[in-house]
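Let me begin by presenting the structure, written as structure tokens, before commenting on it.
Think of it as A, B and C in the order they're written, each chain with its own count starting at 1.
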Amino acid sequence: MKCFVGIDLGSTTTKAVVLGSDGAILGRGITNSRSNYDLAAKVAREEAFITARFGLLRQKVEEAAGPQLLDHLLKAFRLSQTLAQLHRLRQLVADEIERTVADHLSAGALAAINEIFDATETEEEAWFADDDPEPRSDFFRDAAGSAYMRYAEEIADPDGVSFDLLVGLYDKCIIRVENEPLELGFRHHINSALQRIGDPAEVDSAVQAARDAELEEEKTVGTGYGRARLPFPKEQIRSEILCHGLGAHTLFPGTRTVLDIGGQDTKAIQVDGNGIVTSFQMNDRCAAGCGRYLGYIADEMNIGLHELGPLAQKSTRYVKINSTCTVFAGAELRERLSLGENREDILAGLHRAIILRAMSLLARSGGIDEEFTFTGGVARNPAAVKALRQLCDETYGARTLNISADSIFTGALGAALFAHREVRA
Amino acid sequence: MAAEKASWVHKDRSMELQKKMIARHFERLERAPRCGEPVVYTFVPGNLTELIRSFGALPVLPEINALQSGMRGKSKDYIAAAERAGHSEDVCTYVKCDIGMLKSGNIGPTGTKLPDPDLLLLSYTGCYTFMKWFELLREEYNCPTVFLQVPYQGDGRLAPEHREYITDQIRKDLIPALEQVTGRSYDEDLLRHHLGLAAETEDHLVAVLESAKNRPSPIDAYFGGVYYVGPIFSAFRGTEEGVEYYKELRSEVEARVAAGLGPITPDGPLNDQRFRLVVEGPPNWTSFREFWRMFSEEHAVVVASTYTKVGGTYDFGFRHDPDDPLGTMADYCGGCYTNLNLPSRIDMLVTYIRDYEADGFLINSVKSCNSFSAGQLMMLREVEKRTGIPGAFIESDLVDPRYFSAANIKNRIESYLQMLAARAGAA
Amino acid sequence: MSARSDVVDWALECYHDLDFGVVHGWLEEESGRTAAGYLPVYAPREIIHACGMLPVGIYGGGDQLEIIRGDAFYQSYICHLPRSVVELAQSGRLDFLSAMLFPSTCDVIRNLSGMWQLLFPEQYVRYLDLPHQRNTELGGAFWERELRTLLKDLGEVSGRTATEEDLKRSIGVYREVRHLILELYRVRREEPWLVPTEELYLLMRAAEVVPPETFLEQGRAYLEAVHAEPGRRRDNSRVVIVGAFCEQPPLGLIKTIERAGCYIVDDDFLVGNRLLEQDVPTDGDPVRALADTFIRHASKTSILYEPDPAGKRHLMAERVAAAGADGVIFAAPSFCDPALLDRPMLRAGAEAEGIPCIAFKYSENSGQFQQFREQAGTFSDAIKLWGGT
């Protein structure tokens, strides 16, 4: 089958979407962006093809063995990938010890990291075996890193193999693992995944078919903040504004206005009935009011970014915040707290302040038309959504507000659609 | 790359001519104190070059020096010097650049020293900062200052009583001040002679600017345009040299029209023009070529710009009139782009988009200049409404390199042009 | 409730009321009444008043107004005032105005006049180009003609053409207003513990929106009351605030400066209400008298060209001496061209005469005062420790 790929190279994550020849979505992939842009794009693309192949075998496996087996197979596949990466990471750390750690410490260090990696592997196996595991980041660097740090802290010896030494080793090697090509594709791991779940014969033919399916990459279009650094010819690069507009239009065909709030920038986009952008506005060079601002606030409060929204939701009123300057975020917060305002109300005010900035961009771009789609990382924050709904109602009246669970893939989807359109045209 | 460079290096005769004229002018300025030639500092909008010349004085335009410093990579240090001396980071960087240059020895754009002014002619035409700029320079030079108040066209026209106010000031304040500083008496015939030359120069310039109505356009009316208006904006309006330059320029442009050629850009000749744009706002000078390339790489040519009208809106019919020397100078000052109200500026953009058959328009909003920038978002909206064409909005600065974010600007320009292409494709 | 606090509460209510209830009250008292708004810094209120209109100073939305529409019109490097003015207008809060005047304070306000023409075509909009030529023959003649045009236009807007007598009466009313303002400032200067700056400021703000007769009544009641209820004397330094003539600092900032140990004994808040330093004569042609008084007796401010270089250099020293102050606080709104471009010259002049200075920037909606508190407190302590000169 001919496929069309869209890659969205963002400042924090890289996303890929694969479309079939009919333009339907076959698969999506995401990875953290890294210094090697080419590799980030490759990993995201590979992930998208993996989900595409799983998509191909889904129906048959479900029919033959039920949904649970499919879930087990997928988890086993992910475990196999994770173990391969852990294995490589262990190798690199061991090499690094040999090269850089002083002789009197190296044996101890080697023993320590073996202990850490053994424990991490066990933990990973347990996590994937769990039917209802604790939610966590999808990225290897986060999952592996958090386990590694925990064990390192446990076994570190301040007078011998210290925590700092172990952390230093990890930091150096995780970057290498991420920036070297490692075989993580469907064909490389599906067999071991099958083995792990006991080689069920009833899914054999379906897996075989998925493995052998010819997914031929007909055309790829790149987009996103880092698009200029993608190793693509110029004709294969599209602005993320256009991709976001088209992607949002495809997710919600009635969309006329798109708001995207990412880590570094905010975009307000108007599209016509075909998903063609008719006008857009972006924030100026200052990142005030973008996702990054919430990041600073979360750091300042020493809580996770994902906890901000729910905490703000508990407020009964909002404190008026006049500046969304990232530089003053901490100072503003401390001053409000010292004035006796409660945390939830301040947070509600901060969310409102961010959305106020977005509202001015929306107004500049032409306002909010009926059917309005909110994308980007901040769209996952319930307090931001609530503030947006409120301000939209107050300013423009009732509007349909769409938020897709897959909104992070909007830009990549748009890019894939451009690839698809152009070949068809 | 090499080929591109070569084509950029290729210079038309007019460019050589301009370079020589400017070099000669600055050499003359350097000698002026020794030769006893009086020097008058004044601003581009509302510059009364013919009058200054008729007194045998030489004009110096501080904005031109500031933008040249920006292009030569000197503005960053000059601005830093001024900020260290207590100037706010919030205000116009032309002023800070000029003051920084002064504090660093006052070496002008061609490497020669600029003479101190004998007179500061504060032609207050459409920019509040001008007033403070010369108040600041007055502190440094301790020389006489003449203030010429040019009423703003708040109602979209220069009212007769405003015109009279300007001519009264020229007659009663400015001319006596020039007489005193230069030791010469007012020579109206000589002034008429210069005004006649000015009108001739203006005819040629308008022909050059309007050549952009051709397809392909033989000029880039913004990035190229700032070179074309250089002589007429600085010291050469109303001079023989000015006429010669513009004649030459015009003949080159006419030759390109006849040959169906586009302008020379940093990427070589731009004959294949995919986008015709109108631009509002001054350019960024510190990354001028990089900025231009963001357009030329996408095959976008600018067919009309408002910035090239800050020194006069000749393409709307104004010509200096030797038969009414004072009145014509009043009309000139009142009609400079900076002195037009917002509705008039919007009308002008709409007219350009229509007359030059533009595909789109772009506003470069500079942090320095509130005269230009305050209200540009409203202009964007109104022009979009009236033409049905979406506009692009980018933000930078005149000569402060800290405010030129290349990635951000490139992203916007690319997105905008792709949007225009997608719209055109969908239509 | 004391007489004094009654007045202060009344003024505070005017200050906080972004719906201009007091103006609406006046308009509704009699049918056919109209009001004309003006932006900072100076508008000839006598002309407006003579046409039967209520002059209403529009000073933005302070720190209470949430900006939703206003930001869509302005880039981040433009001051805050026009955003909140547009916000007020777009939310319908200025619909009661029949006319809007935009004095030549700076290019931002100037350009707003053009925006206004497009946004509110039904309102009379005029850009007031103040005269920079300080001689009556040139600048005076120009300004006189501008005032005559305004008088004629506003007469048409209000439906009440002002007679010479009307204008003379209005000049008389605003002379009284100015006298009262100067008296309040005098008491403040001489006995600052009697008139806290925030109270003086609130009265000045009220004076911008209420009918002048109301202000005279309230202001006089306040003056009488302050002597009956003197506040506690404090060992504060005495400072002059310079640069806050257009976009206004939030009330919290004004209080902060005083509480940090600085008596503000002179300032340029709302300086348009006392820009004319001499009475406008009422003998002879009143329009010419208004124009001439401006030309001859407008106080030195950043919004006007200063023909005399020495005048600019000595300005701070003169103001400090007149106010018996110890130092100058340059407090300018962020991105304010007039205040910030003038600052280096004024500051150099002050420092040349050994006057201690500090400088900071604010915006009308500044929410954090900690940094101002620290700066003003340190400044006050430094003055007390080492003296003025």
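We take it that contacts are C-beta pairs under 8 Å (C-beta built on N, C-alpha and C of every residue); 3 or more make two chains touch, one makes a residue touch a chain.
Treat the numbers as computed from the prediction; the structure is a model and nothing was measured.
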Between B-C and A-B, the pair with more C-beta contacts: B-C
Chain nearest the global centroid, as defined over all protein CA atoms shown: B
Distance from the mean Cα position of chain C to that of chain A, given in whole angstrom: 53
Centroid spacing, where centroids are CA-atom means, of chain A and chain B in whole angstrom: 48
Approximate Å spacing (C-alpha centroids) for the pair chain B, chain C: 36
Multi-chain contact sites of chain B, meaning residues that touch two or more partners: 377, 395
Per-residue multi-chain contacts in chain A, two or more chains: 284, 364
For chain C, residues contacting two or more additional chains: 72, 75
Interfacial residue positions of chain B with respect to chain C in the complex: 85-88, 90-92, 95, 122, 124, 127-129, 131-133, 135-136, 138-139, 142, 145, 147, 149, 151-152, 154-155, 161-162, 165, 168-169, 172-173, 341-346, 365, 367, 370-371, 373-378, 382, 395
Of chain B, residues touching chain A in the complex: 377, 380-381, 384, 390, 393, 395, 403, 405, 407-408, 410-412, 414-416, 418-419, 422-423, 426
List of chain A residues in touch with chain C within their complex: 284, 286, 288, 320-323, 328, 331-332, 335, 356-357, 359-361, 363-364, 391, 394-395
Touch list for chain C against partner chain A, complex: 63, 66-72, 75-76, 365-368, 370
Residues of chain C touching chain B in the complex: 72-75, 77-78, 82, 102, 104, 106-108, 110-115, 117-119, 126-127, 129, 131-133, 137-139, 141-142, 145, 302, 305-307, 309, 312-313, 332, 334-338, 340-345, 347-348, 361
